[in-house]
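In this document, chain identifiers A, B, C and D correspond to the written order of the chains, with residue numbering beginning at 1 in each.
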Amino acid sequence: MNDLILLAILSSSLLPGLIIFTLAEESVRLRTTLNLTGALFKLLFIALLFFRVAEREYAELRLPLLADMELVLRADALSMLFLTLSAFLWLLTTIYAIGYLENSPHRSRFFGFFSLCVSATTGIALAGDMITFVIFYEALTISTYPLVVHRGTPAALHAGRIYLAYTLLGGVVLFFAAVWLRAIAGPLEFTPGGVISGLDPSLYGSLTIIFALLVLSLGVKAALVPLHSWLPTAMVAPAPVSALLHAVAVVKAGAFGIVRVVHDIYGIGFSADLNLLFPLSVMAAITVLYGSIRALAQNDLKRRLAFSTVSQVSYILMGIALASPLATIGGLVHLVHQGLMKITLFFCAGNLAETLGIHKIDEMDGVGRRMPWTMTAFTVGALGMIGVPPLVGFISKWYLGLGSLAAGQPWIIIILIASTLLNACYFLPVLHRIWFNKEQQQWSKSTLAGGRETIWPLLAPPLITAALVIFFGIFAYLFGSPLYWVELITTREYGL
Amino acid sequence: MTAPILYAGCGIILFSIGLHALLVRRHLLRKILAANIMGSGVFMLFIAAGARGEGTAADPVPQVMVLTGIVVSLCFTAVAIALAVRIHNLTDCTTLAVDEESSID
Amino acid sequence: MTEILLGQHWFFWMTLVPLGAAVVAFLIPQQARWIGLATALLLPFFALAAIAATLTAEVQPITGGGWPTPLGIELRRDGLALVMLTVTAVVGFIISCYALGYFPARGHHSSRARYFWPLWLFLWGSCNALFVSGDLFNLYVTLELVTLASVSLIALEGGKAALTAALRYLFIGLFGSLAYLLGVGIFYGAYATVDLALLGDIITGTSLDHAAMALMVAGLVLKSALFPLHFWLPQAHAMAPAPVSAVLSALVIKCSYVILLRLWFEVFVSLDTVAVGHLLGLLGSVAIIWGSLLALRQERLKLLIAYSTVAQIGYLFLVFPLARNETMATAWVGGVLLMMTHACGKAAMFMVAGTIHHTAGSDRISRLAGAGGPIGVLVVVFTLAATTIIGLPPSGGFFSKWLFINAALVTGQWWYLPIILSGTLLAAGYVAKVLGWAFLDVKRSSYPVIPWVMKWPPLVLSVIALLFGLIAYEPVQIALLGAPVSGPIFMEAGP
Amino acid sequence: MTEWSSQLVLIIVPLLPLLLVLGLTIPALRHPLERLAPLAAIPGLLLALTPQAGAPVTISWLFLGAHLGLDATGRTFLLLTALLWLAAGLYAHSYCRKYPNYRRFWIFFLATMSGNLGLTLSLDMVSFYVFFTLMSFAAYGLIVHEGTSFTLRAGKIYLWLVIIGEVLLFAALVLAARIADSLLMKDVAAVLADTSAQPLIIGLLMIALGIKMGIVPLHFWLPLAHPAAPVPASAVLSGAMIKAGLLGLLRLLPLGHVALPGWSMALISLGLLMAFLGVAAGLFQTQSKTLLAYSSISQMGFPLLGIGLGLAHPATWPLVAGAISFYALHHGLAKGALFLGVGMILNLKGTPVLRLATLAGVLIPALALAGAPWTSGALAKSGLKEYLFQSPLAEVQTLVVLLGLAATGTTLLMCRLVFLLFKESEQSTSASAMGMWTGWLLLIIVVTMGGIRPVWLTGIRPEQIPKLVDAAWPLLLAALIATAVWYKRPPFSRNWNVPAGDMIVIIEGMAKRLADAVAMRPRPALPQLPRQPRWQNLPMLLLLWDAEKLLRQLTVAGVMFILLLLVLLLL
């Protein structure tokens, strides 16, 4: 049975994107309407699906490809998690971008590609088998490139080249690994518990190599050390791009892919049997620490945030690699939580850059007085990253900690502690600067009515996400909260 | 040595001579002639292929083919000569210049 | 009459209509544009009708002129012919639209338009004739017609460089087809038939057969511009006017390749072709790397695209070593898929290059700097079309590479894997190079207006190229009708 | 009471201050709310004083399933906390008006209050951790409020310790939650009695909560942070927040479940060490607030000792718990009153009578702290001592004497305090406002009452009220020593000086050297981009291009073709 709602979800961003390409630069209103309508419709469709999936009624759509291959779109609980996250943040980021790019050139191009990116992310979330996943994954790679180089400066082009070099290399390896696995194991539908555990033991060697290839290739986007260098470089992109794509869509696509591979292709049990997960957890742990340590030395705000992303995304992988239900909860819920927190931070960084021209951390002295709201959101995001309770970051860490003990790998706790300390080391001084240092330079006074620090489109999104960071931390078990969903997923994955 | 094999051998030899000339001779007219000689070699081979043993009438099909081939060859020669003339008119040159990355802008 | 409408003769019409239109267009040059456009509009429908007719009837050869084979002309109505006809019709239609803008009716280039249309329709007809030809000699004749038309089209530009390129192309073409013809002669001498199917059944594999195969393969390799015999291609393709470049790269190259494909899977099957396959695979591999690296080095867009074609031809030739017994279908479908999708993508790319040349005064890549507005659309078209060249999903290039890798894995020829994958990366590299210039932010004076036929039709083609993987199910099923291969397309390797 | 209303009652206590924080961010509401803010602790006070309220409830939608409620310990701590915050709030309402960032002060003040109140109500680990963290981080804003380099240094050190404490607490709680398979702290305490991870978890808890409690050697932030914060903040910092660590230990350690002789010995020794070290370092301070901070360290030694006793003899634990709670209450109120008193004296401008009256007012909590008879201090100490006698320890007599000596030390410290205050009162300039008086007097009254009618609060029976001699001799001894020192003025009293924060001075020196050593070099700027990427001119590519040009020659191509033909023929 084909569920056209999946197609509707996909096209609610694709169609506006395609139309936007054709629009003239000046037709601001039409473009804005298209963007927002698309985003709202996408959320509406997702809401329609939401309850069905909660009742284990998975929507599915199949299109034949070539001969015995299919394009499979399916909305299971894990899809919904990523889908809802990306769709909701898309709406916010669109609003933000409308404000951010006011009066800048090439807006049609920007929003067009932006919508394409979101469509690709949606596709990744909805992909029901490996082939579909690879298709959308590569689409994401390509459609992000124009956004990275959007500014057109030599630095942006340089970043774009590096981005492409990394991600395409990763993409090629992923492609190869997928073909190989398909050749060995037949159709690769994402199935809880995995699809390949019944294979002949003589293939286990190949399966191990394929797993390594898959993880490495997906790890490029997930910014696993040592494949992370593109991410900080890509920070030359405009703030909405850094916010949605680098904090959420692109890196999460990699992490999400690894989740799919471990859970739904190899299966947790089988990958643990093959001893594949321990190296993954070590890699993730190294990334967590390395990212934080590099973040310490950055003076550029966005670069610091980027290295923080490098570090934080690997929490997800750590949770997956620990292979215990609680750790899985911690990892998966961090997928959403990290997205919320990091997008808040990037929005705020963008506000600083756009409103006051601040890019460096040592220019941020006393900026809390000039932009109190933005900086409050920033503070919430930063504290959440550190894992301060009751913010969402704490929930993730709590479950990761419990899970690592349940998996019998208490050393992860030490990593968590070290990472928390490092996070504190690179965020708290910034917070101190913001709130307690004297202003060192004169900023133009706010000229907006009502003493607002900046225009609404720039202000509202970070405030909303920051509020969610608090809300989902305090009301962690509410119906539909990330934790609720993730428990649902984990129960289904482990068959509890 | 039977006649067909002789013909075929001659055809091959003609083909080779033409090939050699096509590659080595620089004057365009010589090259065009060389191509024609190559063609003739191939046609001879076809004629030979049409032989169906002593006393039997030759297979007509290769002859049909050769006729067609000659027409094609004629067309080619015509076009080639036209081009060569144009090149000569444009450049006062009767050879095929080894042009480098010549640009058209 | 009903029989004609029911489609037993759509194949004839596909050949005859363009040829006839060519003659008319030549005779009435003032109306050449409209005659050409009308024909181009008709042919996709003919192609669809032919597909419909074939799907409803059994695949059987039909002969023209009422003569039995070998004197009569036998038409192949198999899947390969159908898809090639369709692809040619679609690509040809788009190119025709584009040419309307490229060769304006007025202005000092109007003479070019006058000759373009008849020649192009002539070429189109010849291509169609080639695709439906089922015997060795007809293949030769149609191939020569194609070459002849191509030579004339290259020379259309009229400059020294174009004329030289045309003449070189002519010699090469002649050279290659004579070698091929020599092979035909040998076969005829041995088996007294030139019918592909017949020959495939009765061939025994003597050393003479082998020699014939060698001659034919060498000739076709030369005409397909496989490394190291690709030397003529970049010049010829880059010197020609943009629509012609598109035709050459998208369709003409495929003609000789289709012949080789037919020969390899229908005639040479009884011969020991493993070593030859490896040789072709080796040359193909070198071509992939060589062409891609040189494409990276180019500063002119058309040359870059032309070298990209050299690389893509390399991929096409990987079919031959990869098609072993069990992976016959895998490799064959991969090749056919690549042909179709490459035709769409490459045509769109050349059209973009032509438009940029037309707009910016040069096709130097650096002219793309600061591309915005009208040029921005072209960059999008280029990018979309390039996805299939790189092999990104969901393009057809992606799936054909998938199939090649699958075949390589199953047959254990792992050495093709790094070649295929690094070819992908290099392709991404040269595409990114173009894009990088396009995104460079510099202020530019405004461009002249681009006629819409030069923007949107290529966009359509590039979208087709991009989405070909998603719509490839039907084309592949059609291509497999009466195909010489069988078996599952996606092979699964044993333990 | 219905489920909802009992939940609401418990939630409103920490929630009200937070709501006020939100309200303060709205410009229109700012002024009325600033007036309301000091009263934010009143619901907590009412709750603590209403015996039938505060039954434990489970609030599943909050955090990871919160359990809030009041047990006896919690009630005492809530009473202390709410009282102190109320007094400090009233005080701050006047005292802090002078700050330019008045609103910011209230935001942090209220947030800290919320955390502090909330953690006394928390019965599960996550809620406790949440409120604990909220309190710890928000208090940073109070400590660095004045923004001088001194406060910044204090804040930095405080923050470091907070973070280290947080992560270790996190580790301990996660481990405990895993082992107990429950989030309830009482389950954890029960499980901790018998698990192989016991030493690890207890160790982690001791460090994490010990930081807040000022356990030596993690105490050094106290003498820096307390003087740095504005006076009302110091009062709550030293009076109430320091007890949060204690409450955590009381809730989480397996007290009353199992005897742990090793830990017991360690804690008793540590408690005594703190008692004496705090006094010793405090005596050599020249600032009254620093001295008070050291006094807090010294005082926190006693509850620690009590915990040690509880670990030695689980059977008596419920009684010891009561004593410790009462001790905490007593110390918190007294220390709060002292800090506020310091503020009063520093802001005294008026008649000499007023000055003397104020000094006399300071004396009341000072005496209570010293454990003078008829004060809450005497009660608290005797309560601890009584259980000392019931414990099976061999060295009971020694301990009793040592406790007496500690009290002597405290008295000396108080003498020093009065001396310092007397000197400082001469420099005071501004006058105390109404709110300051209200807050301070409230505490003085409560402290005074604490000596008279503690029974209804803690269940201490009248017969437990100590004998006069027991309570008095340490005081008399101290008076003797003080007089002697005063009279003789030994040279060390002027030349000896313990820097505030003692150990941290050394640690800072080392940290600086380390930081210099690992300081990272700045990254070189992005290289200027060449117009053509360099790799396009790699030798290999150039070679390739030459080869390509060669291949283009017709002759070469022909040779290639013939070669290919030959190879094909040979194959």
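Of note:
The rule is short, and it goes like this: a residue touches a chain if its C-beta (ideal position, glycine included) is under 8 Å from a C-beta of that chain, and two chains touch if they have at least 3 such contacts.
All values derive from a computational prediction rather than experimental measurement.
Centrality by Cα centroid goes to chain A. Counting C-beta pairs in contact, the pair that comes out ahead of the other among B-D and B-C is B-C. Centre-to-centre, using mean CA coordinates, chain B is 101 Å away from chain D. For the pair chain B and chain C, the distance between C-alpha centroids works out to 26 Å.
Measuring from the averaged C-alpha position of chain C to that of chain D gives a distance of 78 Å. Between the Cα centres of chain A and chain B there is a gap of 66 Å.
Those residues of chain B in touch with two or more other chains are numbered 19, 22, 96. Counting only residues that touch two or more partner chains, chain A has 154, 157, 161. Shared contact sites, meaning residues of chain D that touch two or more other chains, fall at 533, 552-554, 558. Of all possible chain pairings, those that touch are A-C, A-D, B-C, B-D, C-D. Listed in rising order, the residues of chain A touching chain C in the complex are 21, 63-69, 71, 105-106, 109, 134-136, 138-139, 141-142, 145-146, 149-154, 156-157, 160-161, 164, 168-169, 171-173, 175-176, 179-180, 182-186, 199-200, 202-203.
Across the complex, chain D meets chain A through its residues 25, 27, 60-65, 104, 126, 129-130, 133-134, 137, 141, 144, 147, 152, 155, 159, 163-164, 166-168, 170-171, 174-175, 177-178, 520, 523, 526, 528-529, 533.
Looking at the complex, you find that chain C touches chain A at residues 333, 337, 370, 372, 376-377, 380, 383, 387, 390-394, 398-399, 401-402, 405-406, 409-410, 417, 421, 424-425, 428, 432, 435-436, 439-442, 469-470, 472-473, 476-477, 488-493, 495.
For chain A in complex with chain D, the touching residues are 154-155, 157-158, 161, 296-297, 372, 376, 383, 386-390, 394-395, 397-398, 401-402, 405-406, 410, 413, 416-417, 420-421, 424, 428, 432, 435-436, 438, 451, 473-478. Here chain D touches chain B in the complex through residues 549, 552-555, 558-559, 562, going by the rule given at the top.
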